[in-house]
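For clarity, chains are labelled A, B, C and D in written order, and residue numbers in each chain start from 1.
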Amino acid sequence: MSNVAEARSPAWSWLGFRLVETGDGTAVVDMTTTENMANHSGFVHGGIISALADSAMGRSLRTLKPGVSRAMSFDLKLSFISAAKIGEELRAAGKVVHAGRRTVVTECRIEGKDGRLIATASGTFAVTREKE
Amino acid sequence: MSNVAEARSPAWSWLGFRLVETGDGTAVVDMTTTENMANHSGFVHGGIISALADSAMGRSLRTLKPGVSRAMSFDLKLSFISAAKIGEELRAAGKVVHAGRRTVVTECRIEGKDGRLIATASGTFAVTREKE
Amino acid sequence: MSNVAEARSPAWSWLGFRLVETGDGTAVVDMTTTENMANHSGFVHGGIISALADSAMGRSLRTLKPGVSRAMSFDLKLSFISAAKIGEELRAAGKVVHAGRRTVVTECRIEGKDGRLIATASGTFAVTREKE
Amino acid sequence: MSNVAEARSPAWSWLGFRLVETGDGTAVVDMTTTENMANHSGFVHGGIISALADSAMGRSLRTLKPGVSRAMSFDLKLSFISAAKIGEELRAAGKVVHAGRRTVVTECRIEGKDGRLIATASGTFAVTREKE
(Lines give C-alpha, C1' and ligand atoms only; values in the text may rest on other atoms or scores of the structure.)
Protein backbone atom coordinates (compact mmCIF):
# COMPACT_ATOMS: atom_id res chain seq x y z
CA MET A 1 0.00 0.00 0.00
CA SER A 2 1.42 3.36 -0.99
CA ASN A 3 0.59 4.94 2.32
CA VAL A 4 3.04 2.70 4.05
CA ALA A 5 5.92 4.18 2.13
CA GLU A 6 4.94 7.81 2.64
CA ALA A 7 7.26 10.35 4.22
CA ARG A 8 7.15 10.35 7.98
CA SER A 9 7.37 13.45 10.14
CA PRO A 10 10.50 13.93 12.28
CA ALA A 11 8.49 12.98 15.39
CA TRP A 12 7.29 9.74 13.82
CA SER A 13 10.84 8.77 12.89
CA TRP A 14 12.26 9.73 16.27
CA LEU A 15 9.58 7.88 18.19
CA GLY A 16 9.74 4.92 15.83
CA PHE A 17 6.12 5.00 14.70
CA ARG A 18 5.33 2.83 11.67
CA LEU A 19 2.17 3.08 9.62
CA VAL A 20 0.87 -0.45 9.12
CA GLU A 21 -2.34 0.14 7.22
CA THR A 22 -5.09 2.59 6.52
CA GLY A 23 -8.76 2.18 5.60
CA ASP A 24 -11.77 4.47 5.30
CA GLY A 25 -11.40 6.56 8.43
CA THR A 26 -8.95 4.17 10.07
CA ALA A 27 -5.21 3.87 10.59
CA VAL A 28 -3.06 1.32 12.37
CA VAL A 29 0.31 2.45 13.74
CA ASP A 30 2.96 0.26 15.38
CA MET A 31 5.95 1.08 17.52
CA THR A 32 8.63 -0.81 19.39
CA THR A 33 9.29 0.80 22.74
CA THR A 34 12.90 1.47 23.73
CA GLU A 35 14.96 1.96 26.89
CA ASN A 36 14.82 5.70 26.34
CA MET A 37 11.10 5.65 27.00
CA ALA A 38 11.23 4.23 30.53
CA ASN A 39 9.65 6.15 33.39
CA HIS A 40 10.74 5.90 37.03
CA SER A 41 8.90 2.60 37.46
CA GLY A 42 10.67 1.10 34.46
CA PHE A 43 7.59 1.01 32.24
CA VAL A 44 6.84 3.01 29.10
CA HIS A 45 6.18 6.68 29.90
CA GLY A 46 2.50 7.61 29.54
CA GLY A 47 3.42 10.48 27.29
CA ILE A 48 4.81 8.09 24.69
CA ILE A 49 1.53 6.19 24.73
CA SER A 50 -0.24 9.54 24.29
CA ALA A 51 1.97 10.39 21.34
CA LEU A 52 1.18 7.06 19.70
CA ALA A 53 -2.57 7.52 20.22
CA ASP A 54 -2.49 11.09 18.95
CA SER A 55 -0.60 9.95 15.86
CA ALA A 56 -2.89 7.05 15.01
CA MET A 57 -5.97 9.24 15.40
CA GLY A 58 -4.44 12.10 13.43
CA ARG A 59 -3.47 9.66 10.68
CA SER A 60 -6.93 8.08 10.54
CA LEU A 61 -8.60 11.35 9.58
CA ARG A 62 -6.19 11.85 6.68
CA THR A 63 -8.07 9.05 4.93
CA LEU A 64 -11.35 10.98 4.79
CA LYS A 65 -13.04 12.12 1.58
CA PRO A 66 -13.24 15.06 0.91
CA GLY A 67 -9.67 15.24 2.11
CA VAL A 68 -8.32 17.02 5.16
CA SER A 69 -5.70 19.60 4.22
CA ARG A 70 -5.00 20.80 7.76
CA ALA A 71 -5.67 19.21 11.12
CA MET A 72 -4.78 20.19 14.66
CA SER A 73 -5.78 18.19 17.69
CA PHE A 74 -7.14 20.41 20.40
CA ASP A 75 -8.41 17.80 22.74
CA LEU A 76 -6.90 14.47 23.79
CA LYS A 77 -8.26 12.11 26.44
CA LEU A 78 -6.56 8.92 27.55
CA SER A 79 -7.37 6.07 29.88
CA PHE A 80 -4.31 4.01 30.78
CA ILE A 81 -5.25 0.42 31.50
CA SER A 82 -2.13 -1.67 31.77
CA ALA A 83 1.52 -0.73 31.90
CA ALA A 84 3.57 -1.26 28.72
CA LYS A 85 6.92 -2.96 29.10
CA ILE A 86 10.15 -1.62 27.62
CA GLY A 87 10.92 -3.47 24.40
CA GLU A 88 7.29 -4.35 23.91
CA GLU A 89 5.71 -3.75 20.54
CA LEU A 90 2.56 -1.62 20.70
CA ARG A 91 -0.18 -1.31 18.13
CA ALA A 92 -2.56 1.67 17.96
CA ALA A 93 -5.76 1.46 15.95
CA GLY A 94 -7.21 4.91 15.32
CA LYS A 95 -10.61 5.52 13.77
CA VAL A 96 -12.87 8.41 12.89
CA VAL A 97 -16.08 8.42 14.90
CA HIS A 98 -17.54 11.58 13.43
CA ALA A 99 -16.34 13.64 10.46
CA GLY A 100 -17.73 17.17 10.40
CA ARG A 101 -16.81 20.06 8.20
CA ARG A 102 -14.76 21.81 10.87
CA THR A 103 -14.20 19.16 13.51
CA VAL A 104 -13.44 15.46 13.47
CA VAL A 105 -13.88 13.17 16.47
CA THR A 106 -11.66 10.09 16.70
CA GLU A 107 -11.01 7.15 18.97
CA CYS A 108 -8.06 4.87 19.50
CA ARG A 109 -7.23 1.58 21.13
CA ILE A 110 -3.67 0.63 21.99
CA GLU A 111 -2.75 -2.99 22.50
CA GLY A 112 0.36 -4.95 23.32
CA LYS A 113 1.67 -7.75 21.13
CA ASP A 114 -0.12 -10.23 23.38
CA GLY A 115 -3.42 -8.52 22.70
CA ARG A 116 -3.96 -7.01 26.13
CA LEU A 117 -5.42 -3.53 26.23
CA ILE A 118 -2.84 -0.86 27.16
CA ALA A 119 -4.92 2.29 26.73
CA THR A 120 -7.96 3.80 25.09
CA ALA A 121 -8.09 7.34 23.81
CA SER A 122 -10.30 9.84 22.10
CA GLY A 123 -9.42 13.08 20.40
CA THR A 124 -11.02 16.01 18.64
CA PHE A 125 -9.35 17.76 15.75
CA ALA A 126 -10.00 21.13 14.15
CA VAL A 127 -9.73 20.50 10.42
CA THR A 128 -9.80 22.27 7.10
CA ARG A 129 -11.33 20.07 4.43
CA GLU A 130 -10.77 20.18 0.71
CA LYS A 131 -13.58 21.15 -1.63
CA GLU A 132 -15.36 18.21 -3.15
CA MET B 1 17.04 22.49 46.27
CA SER B 2 17.88 18.83 46.53
CA ASN B 3 15.03 17.78 44.30
CA VAL B 4 16.59 19.53 41.38
CA ALA B 5 19.62 17.30 41.51
CA GLU B 6 17.71 14.04 41.79
CA ALA B 7 18.13 11.18 39.36
CA ARG B 8 15.99 11.53 36.26
CA SER B 9 14.24 8.64 34.56
CA PRO B 10 15.45 7.59 31.09
CA ALA B 11 12.36 9.21 29.55
CA TRP B 12 13.03 12.53 31.28
CA SER B 13 16.62 12.53 30.00
CA TRP B 14 15.66 11.52 26.49
CA LEU B 15 12.88 14.10 26.25
CA GLY B 16 15.04 16.75 27.90
CA PHE B 17 12.75 17.44 30.85
CA ARG B 18 14.32 19.50 33.65
CA LEU B 19 12.85 19.87 37.12
CA VAL B 20 12.94 23.56 37.97
CA GLU B 21 11.30 23.62 41.37
CA THR B 22 8.88 21.86 43.66
CA GLY B 23 6.57 23.07 46.41
CA ASP B 24 3.79 21.55 48.50
CA GLY B 25 1.84 19.67 45.86
CA THR B 26 3.47 21.51 42.96
CA ALA B 27 6.24 20.95 40.44
CA VAL B 28 7.57 23.03 37.57
CA VAL B 29 9.24 21.23 34.67
CA ASP B 30 10.97 22.84 31.69
CA MET B 31 11.96 21.48 28.31
CA THR B 32 13.54 22.81 25.13
CA THR B 33 11.82 21.34 22.11
CA THR B 34 14.00 19.89 19.35
CA GLU B 35 13.79 19.19 15.62
CA ASN B 36 13.08 15.55 16.44
CA MET B 37 9.76 16.53 17.93
CA ALA B 38 8.25 18.13 14.84
CA ASN B 39 4.95 16.88 13.47
CA HIS B 40 3.86 17.11 9.82
CA SER B 41 2.94 20.78 10.25
CA GLY B 42 6.37 21.59 11.63
CA PHE B 43 5.16 22.24 15.18
CA VAL B 44 5.83 20.25 18.34
CA HIS B 45 3.97 16.91 18.32
CA GLY B 46 1.03 16.89 20.71
CA GLY B 47 2.32 13.70 22.28
CA ILE B 48 5.43 15.50 23.50
CA ILE B 49 3.25 18.13 25.14
CA SER B 50 1.28 15.28 26.72
CA ALA B 51 4.46 13.70 28.02
CA LEU B 52 5.54 16.99 29.58
CA ALA B 53 2.15 17.50 31.25
CA ASP B 54 2.05 13.92 32.51
CA SER B 55 5.54 14.33 33.96
CA ALA B 56 4.88 17.64 35.71
CA MET B 57 1.67 16.28 37.25
CA GLY B 58 3.31 13.02 38.26
CA ARG B 59 6.18 14.94 39.81
CA SER B 60 3.87 17.28 41.74
CA LEU B 61 2.29 14.43 43.69
CA ARG B 62 5.69 13.16 44.80
CA THR B 63 5.84 16.20 47.10
CA LEU B 64 2.83 15.10 49.16
CA LYS B 65 2.98 14.15 52.86
CA PRO B 66 2.49 11.33 53.72
CA GLY B 67 4.63 10.38 50.77
CA VAL B 68 3.60 8.56 47.62
CA SER B 69 5.58 5.36 47.14
CA ARG B 70 3.91 4.29 43.90
CA ALA B 71 1.89 6.25 41.36
CA MET B 72 0.42 5.34 38.03
CA SER B 73 -1.58 7.75 35.89
CA PHE B 74 -4.71 6.13 34.57
CA ASP B 75 -6.38 9.13 33.14
CA LEU B 76 -4.95 12.06 31.20
CA LYS B 77 -6.93 14.87 29.57
CA LEU B 78 -5.42 17.63 27.47
CA SER B 79 -6.67 20.76 25.77
CA PHE B 80 -4.25 22.09 23.19
CA ILE B 81 -4.53 25.83 22.86
CA SER B 82 -1.68 27.13 20.74
CA ALA B 83 0.94 25.36 18.70
CA ALA B 84 4.44 25.14 20.16
CA LYS B 85 7.32 26.00 17.86
CA ILE B 86 10.39 23.85 17.42
CA GLY B 87 13.23 25.20 19.53
CA GLU B 88 10.81 26.89 21.89
CA GLU B 89 11.26 26.43 25.59
CA LEU B 90 8.16 25.14 27.36
CA ARG B 91 7.32 25.30 31.02
CA ALA B 92 4.81 22.99 32.69
CA ALA B 93 3.40 23.81 36.12
CA GLY B 94 1.76 20.77 37.70
CA LYS B 95 -0.23 20.86 40.91
CA VAL B 96 -2.24 18.55 43.09
CA VAL B 97 -5.93 19.45 43.20
CA HIS B 98 -7.02 16.63 45.47
CA ALA B 99 -4.93 14.13 47.40
CA GLY B 100 -6.83 11.06 48.48
CA ARG B 101 -5.58 7.87 50.02
CA ARG B 102 -5.82 5.87 46.78
CA THR B 103 -6.20 8.50 44.08
CA VAL B 104 -4.69 11.90 43.44
CA VAL B 105 -6.16 14.45 41.01
CA THR B 106 -3.79 16.92 39.40
CA GLU B 107 -3.81 19.78 36.92
CA CYS B 108 -1.21 21.32 34.69
CA ARG B 109 -0.66 24.43 32.64
CA ILE B 110 1.94 24.56 29.88
CA GLU B 111 3.25 27.89 28.69
CA GLY B 112 5.76 29.09 26.14
CA LYS B 113 8.70 31.33 27.04
CA ASP B 114 6.61 34.32 25.96
CA GLY B 115 3.94 33.42 28.48
CA ARG B 116 1.25 32.34 26.04
CA LEU B 117 -0.80 29.31 27.02
CA ILE B 118 0.11 26.19 25.03
CA ALA B 119 -2.08 23.59 26.76
CA THR B 120 -3.96 22.74 29.91
CA ALA B 121 -4.20 19.25 31.31
CA SER B 122 -5.64 17.23 34.14
CA GLY B 123 -4.76 13.76 35.29
CA THR B 124 -5.78 11.18 37.86
CA PHE B 125 -3.25 8.86 39.46
CA ALA B 126 -3.70 5.65 41.40
CA VAL B 127 -1.28 5.91 44.29
CA THR B 128 0.09 3.98 47.21
CA ARG B 129 0.87 6.27 50.12
CA GLU B 130 3.36 5.75 52.91
CA LYS B 131 2.18 5.32 56.47
CA GLU B 132 2.35 8.47 58.50
CA MET C 1 -35.19 -10.11 32.00
CA SER C 2 -35.27 -9.43 35.70
CA ASN C 3 -32.94 -6.48 35.47
CA VAL C 4 -35.46 -4.53 33.52
CA ALA C 5 -37.89 -4.60 36.40
CA GLU C 6 -35.40 -3.61 39.07
CA ALA C 7 -35.85 -0.61 41.30
CA ARG C 8 -34.67 2.62 39.77
CA SER C 9 -32.88 5.35 41.68
CA PRO C 10 -34.69 8.67 42.20
CA ALA C 11 -32.47 10.28 39.56
CA TRP C 12 -33.32 7.61 36.99
CA SER C 13 -37.04 8.11 37.59
CA TRP C 14 -36.82 11.87 37.53
CA LEU C 15 -34.74 11.95 34.35
CA GLY C 16 -36.86 9.25 32.75
CA PHE C 17 -34.09 6.72 32.19
CA ARG C 18 -35.28 3.24 31.25
CA LEU C 19 -33.10 0.14 31.32
CA VAL C 20 -33.67 -1.70 28.05
CA GLU C 21 -31.28 -4.61 28.33
CA THR C 22 -28.09 -5.81 29.91
CA GLY C 23 -25.42 -8.28 28.80
CA ASP C 24 -21.97 -9.28 30.00
CA GLY C 25 -20.43 -5.92 30.71
CA THR C 26 -23.04 -4.00 28.74
CA ALA C 27 -26.20 -2.01 29.39
CA VAL C 28 -28.59 -0.15 27.12
CA VAL C 29 -30.55 2.76 28.59
CA ASP C 30 -33.24 4.81 26.84
CA MET C 31 -34.78 8.17 27.61
CA THR C 32 -37.31 10.48 26.05
CA THR C 33 -36.16 14.08 26.34
CA THR C 34 -38.64 16.65 27.63
CA GLU C 35 -39.23 20.41 27.42
CA ASN C 36 -37.65 20.76 30.86
CA MET C 37 -34.32 19.72 29.44
CA ALA C 38 -33.96 22.50 26.86
CA ASN C 39 -30.94 24.78 26.92
CA HIS C 40 -30.86 28.35 25.60
CA SER C 41 -30.58 27.13 22.03
CA GLY C 42 -33.66 24.93 22.43
CA PHE C 43 -31.74 21.64 22.30
CA VAL C 44 -31.20 19.08 25.04
CA HIS C 45 -28.80 20.38 27.72
CA GLY C 46 -25.40 18.70 27.55
CA GLY C 47 -25.63 17.83 31.21
CA ILE C 48 -28.62 15.60 30.57
CA ILE C 49 -26.65 13.76 27.91
CA SER C 50 -23.84 13.43 30.45
CA ALA C 51 -26.23 12.02 33.02
CA LEU C 52 -27.49 9.45 30.53
CA ALA C 53 -23.95 8.38 29.58
CA ASP C 54 -22.86 8.18 33.22
CA SER C 55 -25.89 6.03 34.00
CA ALA C 56 -25.45 3.60 31.13
CA MET C 57 -21.78 3.14 31.94
CA GLY C 58 -22.45 2.79 35.66
CA ARG C 59 -25.14 0.22 34.91
CA SER C 60 -22.93 -1.77 32.55
CA LEU C 61 -20.39 -2.54 35.27
CA ARG C 62 -23.10 -3.90 37.56
CA THR C 63 -23.25 -6.90 35.25
CA LEU C 64 -19.67 -7.97 35.99
CA LYS C 65 -18.71 -11.21 37.74
CA PRO C 66 -17.46 -11.18 40.47
CA GLY C 67 -20.07 -8.55 41.25
CA VAL C 68 -19.53 -4.89 42.01
CA SER C 69 -20.92 -3.94 45.41
CA ARG C 70 -19.94 -0.29 45.28
CA ALA C 71 -19.04 1.97 42.37
CA MET C 72 -18.30 5.66 42.12
CA SER C 73 -17.39 7.39 38.90
CA PHE C 74 -14.45 9.69 39.34
CA ASP C 75 -13.79 10.55 35.78
CA LEU C 76 -16.19 11.30 32.93
CA LYS C 77 -15.25 12.44 29.43
CA LEU C 78 -17.75 13.37 26.73
CA SER C 79 -17.58 14.37 23.09
CA PHE C 80 -20.79 15.97 21.88
CA ILE C 81 -21.33 15.32 18.19
CA SER C 82 -24.80 16.41 17.20
CA ALA C 83 -27.46 18.31 19.08
CA ALA C 84 -30.38 16.31 20.48
CA LYS C 85 -33.85 17.67 19.87
CA ILE C 86 -36.46 18.10 22.58
CA GLY C 87 -38.89 15.18 22.47
CA GLU C 88 -36.32 12.98 20.80
CA GLU C 89 -35.73 9.51 22.17
CA LEU C 90 -32.10 8.79 23.00
CA ARG C 91 -30.41 5.46 23.46
CA ALA C 92 -27.17 5.01 25.39
CA ALA C 93 -25.14 1.83 25.03
CA GLY C 94 -22.61 1.49 27.84
CA LYS C 95 -19.94 -1.17 27.95
CA VAL C 96 -17.04 -2.21 30.12
CA VAL C 97 -13.69 -1.85 28.37
CA HIS C 98 -11.54 -2.99 31.27
CA ALA C 99 -12.56 -4.55 34.57
CA GLY C 100 -9.89 -4.34 37.25
CA ARG C 101 -10.07 -5.17 40.91
CA ARG C 102 -10.29 -1.55 42.01
CA THR C 103 -11.09 0.36 38.83
CA VAL C 104 -13.34 -0.25 35.85
CA VAL C 105 -13.05 1.61 32.56
CA THR C 106 -16.19 2.02 30.46
CA GLU C 107 -17.32 3.56 27.20
CA CYS C 108 -20.65 4.76 25.90
CA ARG C 109 -22.27 5.73 22.66
CA ILE C 110 -25.46 7.78 22.57
CA GLU C 111 -27.64 7.74 19.49
CA GLY C 112 -30.87 9.34 18.40
CA LYS C 113 -33.86 7.32 17.23
CA ASP C 114 -32.74 7.92 13.65
CA GLY C 115 -29.40 6.31 14.39
CA ARG C 116 -27.26 9.43 14.21
CA LEU C 117 -24.49 9.71 16.77
CA ILE C 118 -25.25 12.27 19.50
CA ALA C 119 -22.25 11.78 21.78
CA THR C 120 -19.50 9.40 22.81
CA ALA C 121 -18.27 9.08 26.36
CA SER C 122 -15.81 7.26 28.54
CA GLY C 123 -15.68 6.94 32.28
CA THR C 124 -13.58 5.42 35.02
CA PHE C 125 -15.13 4.05 38.20
CA ALA C 126 -13.61 3.20 41.56
CA VAL C 127 -15.23 -0.08 42.54
CA THR C 128 -15.42 -2.56 45.37
CA ARG C 129 -15.87 -6.07 44.04
CA GLU C 130 -17.42 -9.04 45.76
CA LYS C 131 -15.31 -12.05 46.66
CA GLU C 132 -15.47 -14.85 44.17
CA MET D 1 -26.38 43.08 38.44
CA SER D 2 -28.60 42.78 35.42
CA ASN D 3 -27.29 39.35 34.53
CA VAL D 4 -28.78 37.91 37.66
CA ALA D 5 -32.26 38.77 36.52
CA GLU D 6 -31.88 37.45 32.99
CA ALA D 7 -34.19 34.83 31.54
CA ARG D 8 -33.14 31.31 32.39
CA SER D 9 -33.41 28.38 30.02
CA PRO D 10 -35.93 25.63 30.82
CA ALA D 11 -33.08 23.35 31.91
CA TRP D 12 -31.70 25.94 34.32
CA SER D 13 -35.12 26.38 35.90
CA TRP D 14 -35.81 22.68 36.10
CA LEU D 15 -32.43 21.88 37.61
CA GLY D 16 -32.60 24.88 39.91
CA PHE D 17 -29.47 26.63 38.68
CA ARG D 18 -29.06 30.22 39.87
CA LEU D 19 -26.61 32.71 38.38
CA VAL D 20 -24.81 34.37 41.28
CA GLU D 21 -22.38 36.63 39.52
CA THR D 22 -20.40 37.16 36.35
CA GLY D 23 -17.08 38.84 35.64
CA ASP D 24 -14.74 39.10 32.66
CA GLY D 25 -14.71 35.52 31.47
CA THR D 26 -16.17 34.14 34.69
CA ALA D 27 -19.52 33.01 36.03
CA VAL D 28 -20.63 31.59 39.36
CA VAL D 29 -23.69 29.36 39.42
CA ASP D 30 -25.38 27.90 42.52
CA MET D 31 -27.84 25.06 42.96
CA THR D 32 -29.56 23.31 45.83
CA THR D 33 -29.65 19.58 45.22
CA THR D 34 -32.95 17.76 45.68
CA GLU D 35 -34.21 14.26 46.46
CA ASN D 36 -34.92 13.79 42.75
CA MET D 37 -31.23 13.89 42.03
CA ALA D 38 -30.19 10.93 44.18
CA ASN D 39 -28.35 8.03 42.62
CA HIS D 40 -28.41 4.44 43.91
CA SER D 41 -25.93 5.29 46.67
CA GLY D 42 -28.07 8.18 47.87
CA PHE D 43 -25.69 10.88 46.69
CA VAL D 44 -26.16 13.44 43.93
CA HIS D 45 -26.04 11.82 40.46
CA GLY D 46 -22.81 12.63 38.62
CA GLY D 47 -24.81 13.79 35.63
CA ILE D 48 -26.32 16.62 37.66
CA ILE D 49 -22.83 17.74 38.64
CA SER D 50 -21.90 17.58 34.96
CA ALA D 51 -24.90 19.71 34.04
CA LEU D 52 -23.94 22.31 36.62
CA ALA D 53 -20.33 22.42 35.38
CA ASP D 54 -21.40 22.63 31.74
CA SER D 55 -23.75 25.50 32.60
CA ALA D 56 -21.23 27.52 34.58
CA MET D 57 -18.63 27.15 31.83
CA GLY D 58 -21.13 27.94 29.10
CA ARG D 59 -22.26 31.00 31.03
CA SER D 60 -18.71 32.23 31.61
CA LEU D 61 -18.01 32.56 27.90
CA ARG D 62 -21.11 34.69 27.38
CA THR D 63 -19.23 37.48 29.17
CA LEU D 64 -16.52 37.71 26.49
CA LYS D 65 -15.95 40.75 24.27
CA PRO D 66 -16.48 40.62 21.33
CA GLY D 67 -19.61 38.76 22.31
CA VAL D 68 -20.47 35.13 21.65
CA SER D 69 -23.69 34.80 19.69
CA ARG D 70 -23.72 31.00 19.51
CA ALA D 71 -21.92 28.40 21.58
CA MET D 72 -22.07 24.65 21.65
CA SER D 73 -19.98 22.51 23.96
CA PHE D 74 -18.43 19.63 22.13
CA ASP D 75 -16.14 18.38 24.78
CA LEU D 76 -16.67 18.00 28.52
CA LYS D 77 -14.27 16.41 31.01
CA LEU D 78 -14.99 15.90 34.69
CA SER D 79 -13.06 14.63 37.69
CA PHE D 80 -15.35 13.75 40.58
CA ILE D 81 -13.58 14.24 43.88
CA SER D 82 -16.08 13.95 46.71
CA ALA D 83 -19.70 12.88 46.74
CA ALA D 84 -22.32 15.61 47.06
CA LYS D 85 -25.10 15.06 49.57
CA ILE D 86 -28.77 15.48 48.80
CA GLY D 87 -29.97 18.85 50.00
CA GLU D 88 -26.46 20.27 49.82
CA GLU D 89 -25.93 23.59 48.12
CA LEU D 90 -23.31 23.47 45.37
CA ARG D 91 -21.41 26.34 43.81
CA ALA D 92 -19.78 26.14 40.39
CA ALA D 93 -17.19 28.71 39.35
CA GLY D 94 -16.64 28.64 35.58
CA LYS D 95 -13.93 30.59 33.81
CA VAL D 96 -12.56 31.07 30.34
CA VAL D 97 -9.00 29.79 29.97
CA HIS D 98 -8.60 30.61 26.29
CA ALA D 99 -10.87 32.59 23.99
CA GLY D 100 -10.26 31.96 20.32
CA ARG D 101 -12.25 33.08 17.33
CA ARG D 102 -13.88 29.68 16.78
CA THR D 103 -13.24 27.81 20.02
CA VAL D 104 -13.25 28.72 23.69
CA VAL D 105 -11.64 26.59 26.40
CA THR D 106 -13.07 26.80 29.90
CA GLU D 107 -12.56 25.33 33.34
CA CYS D 108 -14.79 24.87 36.34
CA ARG D 109 -14.53 24.07 40.02
CA ILE D 110 -17.51 22.84 41.98
CA GLU D 111 -17.55 23.17 45.75
CA GLY D 112 -19.94 22.33 48.55
CA LYS D 113 -21.19 24.91 51.02
CA ASP D 114 -18.44 23.81 53.41
CA GLY D 115 -15.80 24.64 50.83
CA ARG D 116 -14.73 21.09 50.04
CA LEU D 117 -13.98 20.32 46.41
CA ILE D 118 -16.71 18.22 44.75
CA ALA D 119 -15.46 18.17 41.16
CA THR D 120 -13.27 19.89 38.61
CA ALA D 121 -14.15 20.15 34.95
CA SER D 122 -12.96 21.50 31.66
CA GLY D 123 -14.85 22.05 28.46
CA THR D 124 -14.33 23.22 24.92
CA PHE D 125 -17.00 25.14 23.03
CA ALA D 126 -17.43 25.86 19.34
CA VAL D 127 -18.49 29.49 19.17
CA THR D 128 -19.61 32.16 16.76
CA ARG D 129 -18.40 35.57 17.86
CA GLU D 130 -19.89 38.95 17.06
CA LYS D 131 -17.97 41.41 14.93
CA GLU D 132 -16.09 43.98 16.91
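The definition used in the following text is that a residue touches a chain if its C-beta (ideal position, glycine included) is under 8 Å from a C-beta of that chain, and two chains touch if they have at least 3 such contacts.
From a predicted model like this one, the values you see are computed outputs, not experimental measurements.
Undergrad: Among the chains, which is located farthest from chain C on the basis of C-alpha centroids?
TA: Measuring from the centre of chain C, the most distant chain centre belongs to B.
Undergrad: Name whichever of A-D and A-C has more C-beta pairs touching across its two chains.
TA: If we tally the C-beta pairs in contact for A-C and A-D, the bigger total goes to A-C.
Undergrad: With centres defined as the mean C-alpha position, give me the chain A-chain C separation in Å.
TA: 27
Undergrad: When the centre of a chain is set as the mean of its C-alpha atoms, what distance in Å lies between chain C and chain D?
TA: 21
Undergrad: How big is the gap, in whole Å, between where the Cα atoms of chain A centre and where those of chain D centre?
TA: 32
Undergrad: Provide the list of chain C residues touching at least two other chains, using ranges where the numbers run on.
TA: 74-75, 77, 79, 81, 124
Undergrad: So in the complex, which bits of chain C are touching chain D?
TA: For this pair, the touching residues of chain C are 9-11, 13-15, 35-41, 45-48, 50-55, 58, 70, 72-81, 83.
Undergrad: Which part of chain C faces chain A closely enough to touch in the complex?
TA: Interface residues on chain C, with respect to chain A: 75, 77, 79, 81, 97-98, 100, 105, 107, 117, 120, 122, 124.
Undergrad: Would you mind writing out the residues of chain A in touch with chain D in their complex?
TA: Residues of chain A touching chain D: 74-75, 77, 102-103, 124, 126.
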